[in-house]
Amino acid sequence: MIEALPIFLDALSFALILVLVASGLVIVFGMMGIINLAHGELFLLGAYTVVVAQGLGAPFWLAAALAPLVVGLAGLAIEFLLVRFVVHRPLDTILATWGLSIAIKQIVVLAFGPGSHSVAVPIDGAISMGGFTYPAYRIVLMAVATAVIAGAGYVLVRTRMGLLARAVIARPDTSASLGVNTGRVTQVSFAVGAGLAGLAGALVAPLISVDPQMGLGFLVPAFLAILVGGASSMTSLVAGGGLVGGLDSLLGGWVSPVLAQITIFVLAILVIRLRPGGLFPGRGRRP
Amino acid sequence: MNRVSPSFSAATAAVVFVALALVPVLDSGYWTGQATRYVLFGLFAMSLSLVWGRAGLLTFGHAVFFGIGGYGMASLTMGLFGDGTLWALLARPWVALPVSVAGAGLAAAALGWFLFWGRGVSGAYLAIITLSVAVIVEQAVRGIYALGGDNGLVGVPALGAWAADPFDPMPMYYAVLVTAAVVYVGLDRLLRSRVGTLLTAVSANPDRLGHFGYSVFSVRLGAFVLGAAIAGLAGAMFVATDGFASPSLIGFGLSAEVLIWVALGGRSIVLAAFLGAVAVRLSEAFLSGLLGGFWLLALGLVFMGSVVLLPQGLIATPMLWLNNRLSQGSTSKSRAAPGPANDGMV
Amino acid sequence: MYAPCISATALMLEFNDIQAGYGQLPVLRGVSLAIEKGTVLALMGRNGMGKTTLCKACNGLLATTAGSMRVDGEDVTGMPAFKIARRGLATVPQGRDVFEDFTVDANLSLGGPVPGAIYDWFPALASLRHRMAGTLSGGEQQMVAIGRALARKPKVLLLDEPSEGLQPSVIHEMGVVLRRVVDDVGLTILLVEQHVELVQALAGTVAFLADGVIAEQVPVSVLSDTLNDAEGPLHRHLCI
């Protein structure tokens, strides 16, 4: 049984990263009713921020702290320059953000080349537990991701900012008539969602090959996590991310990655048809 | 007004198809071969214009059906299923073609049935579900050894001995062009009939359509299946032209590309969607060498701009403008002759 | 502290020839209204005449195509909803629209810190503070909606059919409390209503919206006197 622990830890770390990536999508979907298909590229930009920093000789943790700020600013720019013009046409927003994702990917290819880069793992060595060892960096990654997710949840539920965000998600018109600047709240939320994706990208960079196509590989599981868990709250998202990330990792390791994807997808489709709000619906937007 | 009049449509289509028929006069070798592929992509784009532009179903997985048509054609004509008499019959290209098309349609019927019954999935959720389908199907196909894995199936026979000369692409080109023209006329007539009105209604106001006693589910499913069948037809003929079926024809990449063609050309006007595909592929042929990596960037930016500023499409918008100018001119002439309230415009 | 509303201008809310509609469909065709400080104007009219449209035009949720609007003398025409709210207009929307997944406390504080006066006017709210708003009864939710609006210390309160879905005793209570608030702090109210008794209890003037314009405006005494009169304004405009 102890031998299975590394696999479970792998699954857990993937699930946590998924939740970080997906929370940005959920915030934007809940608040604006749109899907940002360039979200995977925000994740990508976070990873490349670390690549740049490494090239400049900066320490990893500085880059990882900067990545959410850089990508958050990118998110603000995207909202201001593109999204707010199409937000009233949700399907066209999907397309427009897809066009943006093509553009961002290509800019990255032009700047860094189409190949992959590798980022050095900032913490070497492994922690031994029981009869085996597990990479120390992964443990730290999980701790950081958990802290950030918990922090985001806390802000959402216990601060005034979070209250305003949840109010705008639930009833934007009523919030506006109570003096809440819904436009500003939406902008900031978009940027925060982007920043979270950027942080996820930065944290994951040392573990996978950083290349311009890496966005999609995390975007699709993030979508599935949202479909399965529901888009209404942090808890439903954590549940969805846990389920999807866990299954993907476990099945992918034990059986095959393709079969894992198919299983999860079938699960997601079943959930979306039988329980349209996800496994933990709440009162958010529904399909 | 979102549509063009029947006469405008017929006139522009005639111009386009006649012009295309003259391509072999310019170059009966390389460019005729290229044009064959462009026309097939145009056919593919027309099918998406039906599903998305008219029925309002934004799908990021339409190439799955193109690919099913392609792989179906390839595996049947290459005899991958076995040697029995049944398979030998199915290996004949003219049998394999409709069977592949039917396969694509059936797959769409299954997926569509599941997605659309009851309250049905639509809008953004449909987009991301179909996106996921495309990604997963492509990965699955790449993993199937019998389908050639990453390399795909090489050595797909041509549609017949008449098309088998690798140095003479003209016969296949004309076959493809005639097919595209026939499908175009069929789709155009279909969309100007009551079916077209139903499709517009289901895309604009599905709830209200339900109250009138129409089944939103049937309309959506019907459009989805027909669109898939046409896509499968394009895919099957594409593979018979290329001699090669690859996983890139069945995945997310091509699905996203066809969306771009249709968005840029014009989603609600079938001919505009066709031209969108041809125009983008043609531009790519000339500009990607010139611009190198900047081609994709330019495409992404133009696509973004088109969606935001000219959502009807870069080709459809001037078509609509021209149509409206011309119909204003003729309205004053035809005032003496009252016609039916609906003059065929949908 | 909830200080009384002190204002130099006499007119708290003014509409001048407001036109608004949905797409090609005009609903308001030139509405003009003026409400004096500390008074209650009731707006009555048949369904479909544009009462809710007027509410949305008033609080900025619907853009007007012509005409102008002033709150406490300040031109707010064309301002987004949150800015009009910050200029002193608070809304109690039709159907209450409380945030079901928030506590009563969170609901009330959405607009800003909650003055203690709210609990004087609505003592029941004090004991409900930590309840989820979704679990409350209709009448309790209405208290939350009104309390939430009043927590912003507005100059003008806009109520869109507050009696809808409430039982008569609760409506009566609501009228009593609102009367108190008006007397206590000089609040100005635009009351969009169908419920005649509430109008009589609260309003000083009654205006009738028909065909997109204000067809008639009478003091509430005239309304009461002609309640059953077939020629009276109530019958003519509401076909009651």
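First chain written, first letter: the chains are A, B and C, and each begins at residue 1.
Please note the rule applied: contacts are C-beta pairs under 8 Å (C-beta built on N, C-alpha and C of every residue); 3 or more make two chains touch, one makes a residue touch a chain.
Computed from a predicted structure; not experimentally measured.
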Touch-based graph of the chains, sorted into line, ring, star, complete or other: line
Statement: By Cα-centroid distance to the whole-protein Cα centroid, the innermost chain is A
Field: Euclidean distance of C-alpha centroids - chain A vs chain B, Å
entry: 33
Query: What is the distance, in whole Å, between the centres of chain B and chain C, each centre taken as the mean of its C-alpha atoms?
result: 54
- prompt: What whole-number Å value describes the gap between the mean CA coordinates of chain A and chain C?
  reply: 43
Query: Among the residues of chain B, which are close enough to touch at least two other chains?
result: none
Query: What residues on chain B touch chain A, complex-wise?
result: 56, 58, 114-115, 118-119, 121-129, 131-133, 135-136, 139-140, 142-143, 252, 256, 259-260, 263, 293-294, 296-297, 299-301, 303-304, 307-308, 311
- prompt: In the complex of these two chains, what residues of chain A are touching chain C?
  reply: 163-164, 166-167, 170-171, 173-183, 282-283
- prompt: Can you name the residues of chain A that touch chain B in the complex?
  reply: 29, 33-35, 82, 85-86, 89-92, 94-96, 98-103, 105-107, 109-110, 216, 220, 223-224, 227, 256-258, 261-262, 265, 268-269, 272-273, 276, 287
Statement: Within the complex, chain A is touched by chain C residues 59-61, 80-82, 85-86, 90-91, 93, 97, 99-102, 106, 109-112, 148-149, 152
